[in-house]
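Read from first to last, the chains carry the letters A, B, C, D, E and F; within each, the first residue is number 1.
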Amino acid sequence: MKIGIIKETSDNRVAIVPELAKKLQDEGNELIAEKDCGILALFTNEAYEAVGVRLTSRKEVLESADILPTILPLDKADLKQLKKDAILISSYQPYFSTAKVEEAANHQLTVFSMDMIPRITIAQAMDVLSSMASIAGYKAVIDAAYHLPKYFPMLTTAAGSIPPAKVLVMGAGVAGLQAVATAKRLGSVVQAFDTRAAAKEEVESLGAKFVEVEGAKDDRAAGGYAVEQTEEYKQRQLQKIFEEAVKSDVIITTAQLRGKPAPKLITEAMVKEMKPGSVIVDIASSTGGNCELTEDGKTVVKYGVTIIGNSELAAEVPNHASQLFGKNVHNFLKIFLKKGVVELNMENEILKSSCIAQKGQLLYKK
Amino acid sequence: METSVLNFLYLICIVLFIIGLKKLSHPDTAKNGNQIAALGMGIAILLTIFYPMENASNNYMWIVGGLLIGGVAGYIAAIRVKMTSMPEMVSLFNGLGGACSMLIASVEFYNLQAAGAPMMSVGVLTILFALFIGTVTFTGSIVAWGKLDGFFRDSIVLPKPQIINITLLIAIIALSGFIMAQPEMNYTLFMVLLVLSALYGIAFVMPIGGGDMPVVISLLNSFSGIAAAVAGLIYGNEVMIVGGIIVGASGTILSILMCNAMNRSLLNVIIGGFGGGGTSQGSGREAIAKEASHADTAIQLKYSNKVIIVPGYGLAVAQAQHACHDLEKSLEAEGVEVLYAIHPVAGRMPGHMNVLLAEADVPYPKLLELEDANEQFSSTDMVLVIGANDVVNPSAKEDPGSPIYGMPILEVEKAKTVIVLKRSMNPGYAGIENPLFYGEKTKMLFGDAKASLSKLKSEVANA
Amino acid sequence: MNTIIDFIINNIEMMYILTFAVFLGMEVISKVPTVLHTPLMSGANAVSGVVIIGAIILIKNANSDDYLILTVGMLGIALANVNVIGGFAVTNRMLEMFKKKKK
Amino acid sequence: MKIGIIKETSDNRVAIVPELAKKLQDEGNELIAEKDCGILALFTNEAYEAVGVRLTSRKEVLESADILPTILPLDKADLKQLKKDAILISSYQPYFSTAKVEEAANHQLTVFSMDMIPRITIAQAMDVLSSMASIAGYKAVIDAAYHLPKYFPMLTTAAGSIPPAKVLVMGAGVAGLQAVATAKRLGSVVQAFDTRAAAKEEVESLGAKFVEVEGAKDDRAAGGYAVEQTEEYKQRQLQKIFEEAVKSDVIITTAQLRGKPAPKLITEAMVKEMKPGSVIVDIASSTGGNCELTEDGKTVVKYGVTIIGNSELAAEVPNHASQLFGKNVHNFLKIFLKKGVVELNMENEILKSSCIAQKGQLLYKK
Amino acid sequence: METSVLNFLYLICIVLFIIGLKKLSHPDTAKNGNQIAALGMGIAILLTIFYPMENASNNYMWIVGGLLIGGVAGYIAAIRVKMTSMPEMVSLFNGLGGACSMLIASVEFYNLQAAGAPMMSVGVLTILFALFIGTVTFTGSIVAWGKLDGFFRDSIVLPKPQIINITLLIAIIALSGFIMAQPEMNYTLFMVLLVLSALYGIAFVMPIGGGDMPVVISLLNSFSGIAAAVAGLIYGNEVMIVGGIIVGASGTILSILMCNAMNRSLLNVIIGGFGGGGTSQGSGREAIAKEASHADTAIQLKYSNKVIIVPGYGLAVAQAQHACHDLEKSLEAEGVEVLYAIHPVAGRMPGHMNVLLAEADVPYPKLLELEDANEQFSSTDMVLVIGANDVVNPSAKEDPGSPIYGMPILEVEKAKTVIVLKRSMNPGYAGIENPLFYGEKTKMLFGDAKASLSKLKSEVANA
Amino acid sequence: MNTIIDFIINNIEMMYILTFAVFLGMEVISKVPTVLHTPLMSGANAVSGVVIIGAIILIKNANSDDYLILTVGMLGIALANVNVIGGFAVTNRMLEMFKKKKK
């Protein structure tokens, strides 16, 4: 098969890194890449050529590729140029960017959305959510520390001592836990909470404190995903958050609800009450954000609080992020791409749940 | 005076016994201790053979003959036996010792009869007691041996063992009284007593679970000690008396220590035995995970060359990273090579183990990736699985039906031994059974990982 | 009963010896690490073979023509000696593993 | 005495924070502050007024203050307005910014340069170099992590594993050690080196590796400061650095020589050889920098390596930095300002060495 | 037979002694053990007094009189004595025991003389030996007591003590032989022997350093045991013989154990003693820092209510943060409150201690700032100074000449006890002497901080 | 010399007893933690006061009019009893500190 690599239009990452390109060729595929596709992720054109990837124009890549893995979904313009029944692999967040998916479908394309892969142990190797989230969680803390006009760890000096920064993490999923770990490493006092029952133990397993809010609805059946919560729980939760938030120097929110807009955990009122100079990093911004004042993709200062809304933090660690993403894609391809031949067996649970459009019709339930 | 010189020389043997036993209870000196005790025994035997005894018709041929036969047989048996089945062997030996007292008693009773000594004498009482305890040791040990050897299965359960035992005991006491009450010796009754004792020995051991056999053996061992002592009383022979008593005492203590180690009471073992194996772990039953003791694990660790630690979510939950690192260090100090095998999805977030181990300052070079680890296991003496479960679940390789089939796992079973530290048999994140725990090479070390690890560390220090 | 009491009174030193022997037996092995339980048991068991002395005396006293007793005695010696020799030998083997490897 | 607080023209910090202002007043001084002096360090005007500091124009502050502590030296314009024999307190780096000092002297001012305070145990409480350096060291690592397109700690995931970042710290003084500690915390592999003999133990006391270069000249007599090194030592050092540098993802340089330009430890050649995307943070930039390509106060990318030249990193943590600086100043004032009265006893070792100009004439030897 | 009944009863007392001593060697049972031993002694005394003895003119008055006088005196002394000077007291008591054997010997010799018994008999030998050892115990203990009490100073050094001792010993043996060689008893010679023994006792103990007195006392204690045993031989009295021997044996072992604890050999103590105190720490000399033992520190820690740890650069150098945290935890487990006092300039960079303690996961609330710490010390039982020096140097407060005069320090001396963990007496960064180390309340625990801390932890576990 | 040998031979049981007593004495206190050294020493010392028995016997045997011996004996008892009573009492006090504080 011919596998294409393009330069992301609005992202530093690249879907396939040279090392991986080599593997794919050894497995019997042909690879072509758009020039400079990897530059921003620190993979030079030479690197690609070195492993025998042909560098060419974006146009050619789009027109000739049978399989085209990308970090972000392609936009209209690109879609037009694609071959019929080309296979697109990317993260579509279908529940939100419905439009994009339909377009793709209209072009009779087969579309896999990696973010739809079930969160089961066996699927972890192709779980882009996990791999990107764990980078995002780490980066969120780094950004916070970078913007915080304060010192993170405790510091006792001859010129008086500085208390450790207080960090509150909302949503202890992959990203959340990673944030907890990183903040802890930097020596801050970390609290986290989550609605999943398992989260408490997980947070404490990182030596951080778990903020208890009684009466959370838990649903393991949801494949580890969280479920919508009852109204009065949300009230109690907001109350609790409020108390903790105003004490915090840094808040990192990662709370997501699969297929639903992210729960609003931080109200404008809270932000008003927070210490000036505090920082909020909202990783859930792409699905609406956990903070009312979040603006997706922007860093804004409101009531003296810096609010960073960024769901693509992984893109700020392009080099490693690309490596992981590529590995995910590779593991995913392995399911149906054997010796350069595609055999789509839609019985396979992973394919079934991740294929959002095939030969024109949409396959996922809204 | 003659004999008191002999006794003085015997005293030396006894001292050797004592020193021997004492040294036997420290790893470094144990071997030496065993030899010392053996020396003592040797001297005692030679003394007895060659020390002149008035109006004795020595019959050296017979003695030497017996010694040769027994010696050769014993030696060969000892050399041949497999490491794993040594306990049985010990039990068997012990039984023979008991048998000897039994024979002595029989003969001496016979002699008394001949000599027409007064009944109702301490002498007779001693003989009867020697017979009883000797015989019980004999049959009991044989049963124990049979059980360990798989000869008898635990399934052979006598109805109401308590009752049986009590009745036998009463009968025996009554009969002994009766015998002494007789105007003159009655060999038939004596024989009956012998049979009853034999039965009692069997009835005593039979119901006890195979798992508890070591304790029972040690108990029987102390019996045989007492038997020897009593036999000694017959001849007023110091070395037999004292030597026997010492073994009797230490044997008892040892049984108790053993019970503590399994934290159960001696009574519980025996009664529990009466109850039929009770909860005694590993009582031969199938598909039961084998349980490991801290001390034994420690010693194995200490004397292996290469150990690989497989940390999992449990390590994190227990916050045992420092304890783990400590153990690692003390093993390294013993010259053991210790490595960590990090499974990509161990824990609950990517890099979970990295975070923990970094916090405990485990040097990065010690961390093995999945592939490298799987290569190294085959050359590994021991794997410590600390609170990991799914990531070492063989069904991911073997059972296509398994929800995690196809996930690459750490193939710990390639190693010589696998010890799993967790709190229970509960499954992990994926919520599925783990065949590893029932594997040939696997032993479970239950309890909170942190607690277990620090126990291990101190045991390593002691052992 | 009082035969027994007499016996005790007449062998008062013996009582001392016995009592002390019991204490020694208990003391000497207290504090043994679990790993040594089996070897120690086995060693003690070998010592309990001391009953062989009895068998020897028995034979020494027997008339040289009383074949019954002689055979029984010899059997006794044999059995006991299995216990003694075998016991020590097995213990020795168990303890092999404690030879610390050189590094 | 009348103590003035002004808004720094090119720095986020403020010399005296409200809390301290209160203390000074209680000790019998009057304080006046320029409006918004603390804003950038998150100290509101209200905060100052709350403790009874009068807010007014910069002009008035300059004209009426008897004692004027500032973070950075005042420039000409401001100096003109000052009263005769006002006491200036700041960090002048007299060996480098001679001009500034002379101007001040010309205005008959008494000038204390806090960076000239001897590095003795007893003087630590007023040691601005220490307090600012320790913040700078921390911040240097945060900035590096922020700019590095890679992940700092080691990370083993289902999508392959990421090796820990390699960090090389040059100069293990206060800043250097702090950088080592912070980098270590973030889970990177840290190496450091220094010419001081004591440095090895100090670095290792933080669990990091010390890079040995034989034959360093050590001089404890220099009050803990490093001394110029022999030529051939420098050669061996450069060689060693080269080897380590090319392996490193992040290099943080803090090497200083009191009164001399900072030693050049990283040549252009080295930078060429370094991995693309690597980051160099040069804290010594203000005295010429340890890297040939450093541009003071700028962040430049050369040969794919990001080079951050910033000696005032502390200014990026203005809130806490101001607190510490103020405390230093306070402890310093205590020496000669008793109950609101100034008694300059020039016998005092600390005053002697830190007073660089008195009543017009310069007091420090070039 | 009469006596053998008595002896049988004595056996009970002996058993009580043994059990008592055994229990005395475990912290939890010690108190109880002491009482059991006392009980044994009480029974023995009553038995001896009231057990009928043929042709004895009991003289109860005298006996009771003696008992009363001694008992009251002893009890008062025991109650009055200060905790700190108990060892002296023990030594004194011990001496009196020795004196008693001395007296007995003298009387019995006198009696033999009266009875005109044959010389050259074991009896006489026994008596002479009893005299010798009793007397040595007596005078030796008195000297030891005097030394501890500051009566005699170590400075009193005899010329060539070795020579003196050897000569005395030879003289004594010779004389004993001579006495026995005499046709009939010669009381003057006997008295000479007594005097010689007395001198030997003095010459034996006098040169040994005050620091080693405990060992010496324990040694003398075993002597007095032997003395009692020998005196027992005179009367063929079981309880004296056995009781004495047991004390003799255990006393010797104990002395050896004590030496090990100071890792020195018994010989080294005595010879070293002959050499004049040798390196024995704290041998009364002034301005010498007192050295602490791990075990004693551990016990003090365990039984104090509040402990404050003062970490310094040394903690960092030793990388002992985890070990420190472990100790802290095990103390907390014992119900001890543990806090950390962080000096602003501890270590080599601002926040050095923060970094380390954070790494070891010490909860922030446990960290006290300078001011708070200085307030809390006065209510603190014990301060552990771990590799800190300048930051706890009192001269910063007291000595205007000091280069660090005026620097605020942690005023650890406000606490009840201060233990300093460091490797030597070397100064810290500022390179100046630290008077704290020689302070009244201070003891030094030398060695690498990490090693010391883990030792402490395990000791806390045992104690 | 041979008087001694005879003595041993004639008191062979005594030899046993002595030997065992020595062993017991050593065994019983091996493994005592350092912190208990002093109390144990003091306790053992009190036991060594058993010599008082001798003094008592001495007086019991003395003629009621032999005042010299009586006084000496009484002195002996007194001294030894100081050792006994004082010894146990002091030990008791030393051990007070081991009463674990309740929390």
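Assume a residue touches a chain if its C-beta (ideal position, glycine included) is under 8 Å from a C-beta of that chain, and two chains touch if they have at least 3 such contacts.
For clarity, every value in this text was computed on a predicted model and none was experimentally measured.
Fewest steps needed to get from chain C to chain F, stepping only to touching chains, is 1.
The greater number of contacting C-beta pairs, out of the two interfaces A-B and B-C, is seen for B-C. Relative to chain B, the chain whose mean Cα position lies farthest away is D. Relative to chain A, the most remote chain by averaged C-alpha coordinates is F. Here the spacing of chain C and chain D, counted between their Cα centres, is 82 Å.
Here the spacing of chain B and chain E, counted between their Cα centres, is 41 Å. In chain D, 124-125, 130-131, 134, 153, 155, 157-160, 185, 187, 207 are the positions where the chain touches two or more neighbouring chains simultaneously. Touching of two or more other chains is recorded for residues 14, 16-17, 21, 23-24, 27-28, 31 of chain F.
The residues of chain B that reach two or more other chains are 18, 22, 238, 242, 344-345, 350-351, 355, 358-359, 361, listed in rising order. Contacts from chain C toward chain E in the complex involve residues 8-10, 12, 15-16, 19, 23, 27. For chain A in complex with chain B, the residues that touch the partner chain are 120-122, 124-125, 130-131, 134, 137, 174, 177-178, 181, 185, 198, 201-202, 204-207.
Chain C meets chain F in the complex at residues 13-14, 16-17, 20-21, 23-24, 27-28, 31. For chain B in complex with chain C, the touching residues are 17-18, 20-22, 24-28, 30-31, 33-35, 37-38, 40-41, 44-45, 48-49, 53, 56-59, 62-63, 65-67, 69-71, 73-75, 77-79, 81, 83, 86-87, 89-90, 93-94, 96-97, 99-101, 103-104, 106-108, 110-111, 120-122, 125, 214, 217-218, 221-222, 224-225, 227-228, 231-232, 234-235, 237-254, 257-258, 261, 293-296, 298-299, 303, 305, 335, 459, 462-463.
Residues of chain E that touch chain D in their complex: 313, 316-317, 319, 344-345, 347-352, 355, 358-359, 390, 396, 403-407, 429-430.
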